[in-house]
Amino acid sequence: MEPSLSVDIAGIKMKNPVMTASGTFGSGVEYSDFVDLSKLGAIVTKGVTLNERLGNPTPRIYETPCGMLNSIGLQNKGVEAFIREDLKFLEKFDVPVIVNIAGSTIEEYTRVAERLSEESMVKGLELNISCPNVKDGGLAFGASVKSAVKVTSAVRKTTRLPLIVKLSPNVGNIVDIAKGVEDVGADAVSLINTLIGMAIDINSFEPQLANVFGGLSGPAVKPIAVAMVWQVSQAVDIPVIGMGGIINAEDALEFFLVGAKAIAVGTANFIYPEATIKIINGLREFLKKSDFKNISDIINKVKV
Amino acid sequence: MEPSLSVDIAGIKMKNPVMTASGTFGSGVEYSDFVDLSKLGAIVTKGVTLNERLGNPTPRIYETPCGMLNSIGLQNKGVEAFIREDLKFLEKFDVPVIVNIAGSTIEEYTRVAERLSEESMVKGLELNISCPNVKDGGLAFGASVKSAVKVTSAVRKTTRLPLIVKLSPNVGNIVDIAKGVEDVGADAVSLINTLIGMAIDINSFEPQLANVFGGLSGPAVKPIAVAMVWQVSQAVDIPVIGMGGIINAEDALEFFLVGAKAIAVGTANFIYPEATIKIINGLREFLKKSDFKNISDIINKVKV
Amino acid sequence: MSHIEARILTKKEVAQDIFKLSLFCPEIASTVIPGQFVHIECGKDKKFILRRPFSVHRQINEDVFEILFQVVGKGTKSLAEVEVDSCLDIIGPLGNGFKIPDDCKNVLLVAGGIGVAPLVFLAEKLFLSKISFNVLIGCANCQKVVRFPLKDEMTGKIYFSTDDGSLGSKGNAADLLLNHLRKNEKPDRIFACGPEPMLKAVTSIATRNGISCFLSLEERMACGIGACLSCVCKTKSGNKRVCVDGPVFNAFDILWE
Amino acid sequence: MSHIEARILTKKEVAQDIFKLSLFCPEIASTVIPGQFVHIECGKDKKFILRRPFSVHRQINEDVFEILFQVVGKGTKSLAEVEVDSCLDIIGPLGNGFKIPDDCKNVLLVAGGIGVAPLVFLAEKLFLSKISFNVLIGCANCQKVVRFPLKDEMTGKIYFSTDDGSLGSKGNAADLLLNHLRKNEKPDRIFACGPEPMLKAVTSIATRNGISCFLSLEERMACGIGACLSCVCKTKSGNKRVCVDGPVFNAFDILWE
């Protein structure tokens, strides 16, 4: 018998626990040549704001040892164009769509959330309160319990959609923040967003990114992500979505073992466009080989 | 003319700005077959506590993508044996010795500091308030401005030696902590210590480290370290000692450009025992090639 | 668009630090057009994780294409060390490619340094389409000059300039272009590829001379397929992604920073 | 102790997933003693950053030594892919090595799996010192068995056991040892190398039989030279570093966890 990979994250039913990480998979359309989108657990779209944003100047990325810095800066065409174009395209696939939303003010978050809640295609919202790449892009909200709670409860009041809060690793107290947003109605938390980083061109003496700082992602950050997912999953009752440096099924398994109920694949998409599918297949193989019937049999099963 | 590499860090005169990172170079004796210790800017010894400590169970290390986790747990023979054996050995070398100290209580820190201040061989103290590997090993002190200030000012009162405070990256407000310890008399800050991380053996379901958590170091963390060194060096007036993932002279240059007055080499010693010397030579070559007369000509010269 | 393993048939250092690889890859070789590029994993070892983009340099036949690249950093260094008969992990063909309008009769190709790479493929297509063309190539010095492999029967003439005057005239590709326009008939269109300062200079010369001009741009790329938004350039119609909306753009649309 | 580039002279897969490399390295080959190890950079590419420790398997002559290793993870996989004639970056010889007391007349070597690696070198030294010895080897199955290359004139006998009985007796190295002691003269000393559970079993058998026993231990290592304190084991006289205080320890000093 085939093992079951299906999970339910805050009411969102997924065929498997493998999602895409926001900002690394476009709106899905870009990957549809490589990936049958209907095979994914869920698609998390790139960050959407109320109005169009042009993002930061280039260079926007830089490669670092086993990782990369990015400072895209939330470039997006705004929620209306997103609904018109990207959501429309996704209609033909049988996959839950979760929209990642960002804003400079609480009002912007709530207005975007409200608007998206009118769309039946949208199965959940991911609140990006942790983007390190724009001064007003939410990192401020994710930096303290107080502000994280404030924006979460405001959005909570405007939508009945499952609400996932995406946490920043650039804090000393991620567990407190997770508990805080749980208390005011978050249905799940996802982590980690990128770590603040910087790199210098030693020939020109200029930062490698036009924006000076960028967010670090990729295999380099995996041990940090696993530690934070473990800490948070021990502290909250809502589902934890784990991400940070997942390249293959083995990496994903580490996150399930420390308590993630689903995982998201980010930077790996850039390396292998089919990474998500390979991970889904790899998980299935692992469960089969180890005689587990269900992915839930391994969630939170680390022996500590 | 040979360019000058010499620097003065809080009154400690160094031939060059390349130090060893605490815990990665033993007390120096272990590397003396590979490195002429007198050629180093300074030796920072491994963390010393008042009494002997056995450290954590094994496995204590695990390799991660472009990095490593360690949970040594401050194994050391206590301050008296350290003075008797390690300091004694270092007498024959012409190199400033900086002793890294740790403790579970403020009293332990002050007693170790007091005892070491009696030794003329000791040219400075580095206060480890950021070891993530023992429950009572100082991370608690490094986690908040208040506690960091408390231990720093207590130690400040007991010693006239140059006092370097080693900062933790596992915080949301490293700049505030740096400013706090500057205000109460720290002569320099060094950063970054290791980032909290975790890894799981997916076959046994056990953590790869017996201690569950470990500290992440190596090239993987370099972008994070560069960003923090830049943030801190813009905010404080005391010298900043930069470290985190430095493998070669190019890496070191990034840290100088963002404001480090000296750098320390950690994990790289395990890969190439002569890493420190190669970096010193590489820096000299770079200055020569670029017609700089002095290492200070490039410190804080990033163009932002 | 394929994601595929391509076998390396030959490798040659054709100039100082400049290498040519020929790759067996029918999926790409049979469909690629000039100006398109491939996204290559330069080291299996994951020491660097991102792919690197390279233009298709020549389409040898339906099965084989070539890339030409210069060693500038760790990715290209590693690519220069691959062994013949081993395989590379490739995504391609990517990007829009050079468009040659039907009424084009006389074309000028302008290359700066390694920017010559995609223009050889374009020249071969122009020859097949019986469109006459000339080629201007600016290089650092004679050791960096790559032979522009025009078939004898090709009509195009090739002019060189080098920064140090060690081959052709002394100066850069823009100087060469200015000089060429002074002495020759005005071309219908300029196609240029090279470093940004050169492309800017070419654009302003083309503008002043009222010549249609298309450029192949470079930006650091992560995904190569339009998803990550790392490779944008500013144009009159907003941000465009070099990887899918380009790499070839109308020079007059670009808003240089 | 040297840090040096050693040229790979030969590479051979001697059993399933088990490889033998011979290395040209006079600095190490001329001074190494049995039980010492070398610390090898298994991939220039920095995808993994730490070295890996391997016992010296044989000292071929003053210039050349061999290592024998099993592919278990990424480092050993990469090492199995090195090419003959390329160089490895090595630190060694490291560690204390096996001590053979002068009054030793009759020795027993006990190997579990790849633990056979250092014991071959030891056997050759015993032969030269005219000390008689026997060898007990426990393996998973016959495909994992490495030939123990005793010279014909050597006195030692070799006994095998395999977990599946596919070669020698069925059982593990400890079973083999128990059986051997029952039938044969008590040796002066046991030298053992292998996985921890086996070493524990051997220690308890040696204790019960009052036989002096020395073990070569394994721990994950970063520096390999005593600086990082990652490789400690607990002994009656406190924490000891396997890399410099070991890897060979008196079995009766070890405090197993």
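In order of appearance the chains are A, B, C and D, and numbering begins at 1 in each one.
Methods note: a contact is a pair of C-beta atoms (placed from the backbone, for glycine too) under 8 Å apart; a residue touches a chain by one contact, two chains touch by 3 or more.
Only a predicted model underlies this, so the values are computations on that prediction, with no experimental measurement involved.
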Could you name all chains that are in contact with chain A and with chain B at the same time? none
State the smallest step count from chain A to chain D, taking one step as a move to a touching chain. 2
From the centre of chain A, which other chain's Cα mean sits the farthest off? D
Specify the chain pair with the maximum number of C-beta contact pairs. A-B
So what's the Cα centroid distance for chain C and chain D, whole Å? 56
Calculate how many whole Å lie between the centre of chain B and the centre of chain C, each centre taken as the average of the chain's C-alpha atoms. 47
Separation of mean Cα positions, chain C and chain A [Å, integer]: 36
Which positions in chain A are in touch with at least two other chains? 65-67, 218-219
Got the chain D residues that touch at least 2 other chains? 46-47
Partner chain A, residues of chain B touching it in the complex: 64-67, 69, 143-144, 170-173, 195-200, 202, 204-207, 212-214, 216, 218-224, 226-227, 230, 245, 250, 253-254, 257-258, 286, 298, 301-304
Contact set on chain D toward chain B in their complex: 1, 3, 41, 46-51, 91, 219-233, 238-239, 244, 257
Chain D partner, complex, touching residues on chain B are 23-26, 30-31, 33-34, 46, 54-55, 57-63, 65-68, 70, 72, 75, 218-219, 267, 269-274
